[in-house]
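Quick notes on the structure that follows.
Letters A, B, C, D and E name the chains as they come in the text, with residue numbers starting at 1 for each one.
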Amino acid sequence: MITIRDVHKRFGEHDVLTGIDLDIPHAATVTVIGPSGSGKSTLLRVIDVLEHADSGTIDFGDGPVDLATRDKATIRDIRSRIGFVFQNYNLFANKTALQNVTEPLIYAQGKSRKEAEAIGREQLDRVGLADFADRYPSTLSGGQQQRVGIARAIAAKPELLLLDEPTSALDPEMVGGVLEVIRQLASDGMTMLMVTHEMRFAREASDHVVFFEHGGIVEQGTASDIFDHPSQPRTAEFLQSFAS
Amino acid sequence: MDGRVWQIVVDSFGKLLIPGITVTIPLTLVSFAIGLALAIIVALTRVARTPVLTQIAQFYVWVFRGTPLLVQLFVIFFGLPSIGVTIPAIPSAIIAFSLNVGAYASETLRGAIEAVPRGQFEAGYATNMSYVTIMRRIVLPQAFRSAFPALFNTFISLVKDTSLAANITVVEMFMTAQRITAVYYEPLALYLEVGVIYLLFCTVLTWVQHWCERRLAAHS
Amino acid sequence: GSSSSSTSALQEVKNKGTLVFGTEGTYAPYSYHDSKTNKLTGYDVDVATAVAKDLGVKAEFSEANFDSLLASVDSKKTDSVANEITTTAERKAKYDFTEPYAYSYGVVVTRKSDNSIKSFDDIKGKKDAGQNGSNWAKVAQDKGATLVQVNDFSQAVETLTSGRADVIVNDGLAVLDYLKQKPNADIKIAVKSEKTPAAHFPLRKGSDDLTEAINKSIAKLRKDGTLKKISEKYFGEDISTK
Amino acid sequence: MDGRVWQIVVDSFGKLLIPGITVTIPLTLVSFAIGLALAIIVALTRVARTPVLTQIAQFYVWVFRGTPLLVQLFVIFFGLPSIGVTIPAIPSAIIAFSLNVGAYASETLRGAIEAVPRGQFEAGYATNMSYVTIMRRIVLPQAFRSAFPALFNTFISLVKDTSLAANITVVEMFMTAQRITAVYYEPLALYLEVGVIYLLFCTVLTWVQHWCERRLAAHS
Amino acid sequence: MITIRDVHKRFGEHDVLTGIDLDIPHAATVTVIGPSGSGKSTLLRVIDVLEHADSGTIDFGDGPVDLATRDKATIRDIRSRIGFVFQNYNLFANKTALQNVTEPLIYAQGKSRKEAEAIGREQLDRVGLADFADRYPSTLSGGQQQRVGIARAIAAKPELLLLDEPTSALDPEMVGGVLEVIRQLASDGMTMLMVTHEMRFAREASDHVVFFEHGGIVEQGTASDIFDHPSQPRTAEFLQSFAS
């Protein structure tokens, strides 16, 4: 169980996270849904210390760690356990698709180039990009970039994988493919926290769903709790809207 | 241009080219290499905003960008002996030029580093690369690309600034032109000639610049 | 300066076996590079060499721009300067100076067509193309000329012939050298002055015995005709005496 | 430093500051302003890749970046009269300095413009802005941000390079220091002093740079 | 009717568009669906001449115009009739949300600043961003940026609006909102060509659906033709996959 406690974050006068508590069971997939601008991306970013929380802790099972910390070693320790798929991909612009996957393996994990390339090709293959290994990001389509981002994040086999709308640029077939990947990761024991707007995907992929609004949790439960029997009127309203 | 002047120009060519090749070029290359290494360190220090080091880096840039290169040469060559440090002319020149290049180029690099999209850093952090690794593998290569023309400005300036070494007894190309002028009293012709030789050197650098730019552009 | 702490200045020179002079190497015919051999030569260079030889040491020369020649002496990179240095009260406050080893006269140079200058007093109100704080520039300013700043004699001539200045007040022998190189230049010598002492060797303060020794050498070389010989080689006349 | 030298330094301060304020500063400001305007035009011309204009711009940059500034000054001041064009000293200096700044700064800008993400141009095209408008409103402001430190390098260099105007009869600060040196024979002290005054001027520019950088950073 | 004929485009050795013919009836919404990397974005980019087609024409009803043209005036004429919503938003980084909308109105359409701001605020309001007018793109969430991009594109009232996955970063409520906007635009007579991965959205929003693969059109028809009775087995397969 990975536990997140009392996470606060404000930008200027704007309270973006207002005390988030979240439990992510081992090997579970927890999905955060909620309106645009409600703080979903910010939550993920704060967990990976890409943004410093104003306060809050994360506990991987060996004691709570302060998410507001400025201590380099602590931050790197947190990050070493986490993988991140960015909403806007953030591929390394000066590296090929393959290098995007292998660079962190070589330079952060200390793997040999050969080993890294083997892993890199395997992961690119998994997301259907075996033929695009030597292409630079600027020559890839949106969906292709997003899949490289997924391959990069899972290649490091993190304890916790954060996914920020991992299917936003993907067509239905690819979404199905990514769903397959996520299920397989879950069965391999990967713990995942995901933000998505695709409710059908959320329902299929998640063990646990969190509905988020104005930087706070409105309601949470199993996928079927939330989608079929929401207890809060606001959740029901959100889900009734367009694409549930 | 009459025959006499033309003759002087022709006779001088070899005399100018020799110090050009034996002094100007090596002095430029060595000083720029050291200066660029220094610039990278200083730029990284400034971007990192570590308390004391950043202030030292800022002070260094302030002094060496803000004072004339000639004064820097003077202080290193003529001033330091009074506190017991005597450095020969060529090493003094290399020290002064390197420090000067370091100050200017570090500012260029800093601007370019700060313009690399934050997402590139974040992707590096998220994959748990160290700050240094992110810089070395991801950010600096991208920063260099946009900074390239400005860095070559500094490089090409240096080619010509090496002539200031004449002030500390280094016999280089421009000084040689002045010597010939002192005999024949043809400053305009000789300055033009030495200008053409500098242009020759800088043309090669411009080619190198454009070649590198094309290579870097292909890789992104 | 204070070099006379333990060993004397003369002793120091004798110990290292060289007397090091700074010189510009760009001031014909006093200090310049021979166009054929490319070697440093000139009146001042030869005199300095002769003096060193007389002291039983080797002369060495270090070339740089004028301000650097002085800084070289201050930082003990050189012992003196052989570059037509004249004395003034201000300069004597900084250095010891030897007796003069050259005398020269000043001239007023004008464009060929200009006949308005008959004496030094006629340059009042004229524009003088003068060198960087030189004595000659001061002479011109004392006579009421305004200064157009130039860096060397060639620039002075360019400035004069392009109409940006009216006169050049400068060393007569340097002007003659120029006219030897460029007889067709649109300039002429309009006025000549009296001869005055024109060149001394400056030494760091406290070099009394070295000053003394060099003075003796100069006197000896003048007496045995060495200076005259050198002078005639470069000027065809004797500038080593008044 | 003994009492005499100290006295000379104190007495000289005013004498140096006057040409600093009346020559160095205005010469720098005017030349940089013109040079920067030129640089923008040249950089845009080079980025646009229009056939003839781009070649002209490239040629201009090649010549004015590749030859010593001193030679450029000489040719304009002493060379042009031989073809009947006589320009007074200060205008000659401004022309040479502006052309020089234009060449260097245009390269800096070109690099920065080429580093602005293509998406910014495309968004401009898609909203049917003209090329010039896109440049003026979208791309140049972003390019300036990353080029700022390097442009200030050129600016700060210019402050000191104006001393070369001494070669074309302009009485400026460095020359004044040399003139005082010729009287008192204290080069090191006077060079240090003039160095400090340059540093003073450049400090103000550094402040301006950092102030502008902060403002630009806030707007993005 | 806007007609597009025989559009070809290759990148290096890679044929990305292999002769596309497309009819977009006036005031209709035509949607392109298809796998990632099939050339959907490229088609939109070529229509707006952001990429030069190798060959092909567009006809707005007053004669075919060559899409491979290099003639500046022709290109600007084409673009003046088209609005574009980018897959990755492409907001002007140095402009606020409001300025992103007003700059083109002022500098491309010659409207006064006052008029432009009135339109700008109206459009931002329409996409629910009235309160974010003065924020810079880097401080906006993904969905907020995407909505600014939509506001910018529709503010100019183009003849043809191209939308490249306009809902990829939007939550269901917002998707509903954008659907509303699109329906309203359609009823105002706007002609739209859209790429989307959200099949439900495609079905609700489109009059006509085109299924695209490997740079060619596999099948096209009304939304109900394609979604309920696809004639090609490949189409059926694609739609059967995950999120149809």
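Miscellaneous remarks
Following the convention adopted for this analysis, contacts are C-beta pairs under 8 Å (C-beta built on N, C-alpha and C of every residue); 3 or more make two chains touch, one makes a residue touch a chain.
Chain labels with UniProt names: B, D = Cysteine ABC transporter permease.
Bear in mind the structure is a predicted one, so any value in this text is a computation, not a measurement.
Here the largest set of C-beta contact pairs joins the chains B-D. Greatest centre-to-centre distance from chain A is found for C, with centres as Cα means. Here the spacing of chain C and chain E, counted between their Cα centres, is 82 Å. Chain B and chain C have CA centres that are 36 Å apart. Centroids of chain A and chain C (each the mean of its C-alpha atoms) stand 81 Å apart.
Residues of chain C in contact with at least two other chains: 67-68, 71, 74-75, 155, 158. Looking at chain A, residues 88, 138 sit in touch with two or more other chains. Shared contact sites, meaning residues of chain B that touch two or more other chains, fall at 74, 78-79, 145, 187-188. Interchain contacts (touch definition given at top) occur between A-B, A-E, B-C, B-D, C-D, D-E.
Contacts from chain D toward chain C in the complex involve residues 4, 78, 81, 86, 89, 166-167, 169-171, 175, 178-188, 191.
Of all residues in chain E, only 45, 48-50, 76, 79-80, 82-84, 86, 88, 90-95, 103-104, 107-109, 136, 138, 152-153, 156 touch chain D in the complex they form.
Of all residues in chain D, only 62-63, 65-72, 74-75, 78-79, 104, 107-108, 110-112, 114-115, 117, 145-150, 152-154, 156-157, 160, 163, 174, 187-188, 191-192, 194-196, 198-199, 201-203, 206, 217 touch chain B in the complex they form.
Within the complex formed with chain A, the chain B residues making contact are 119-120, 122-130, 133, 137-138, 141-142, 145, 219-220. Interface residues of chain C facing chain B in the complex, by the touch rule stated above, are 24-28, 32-35, 38, 62-65, 67-68, 71-72, 74-77, 152-155, 157-158, 178, 181-182.
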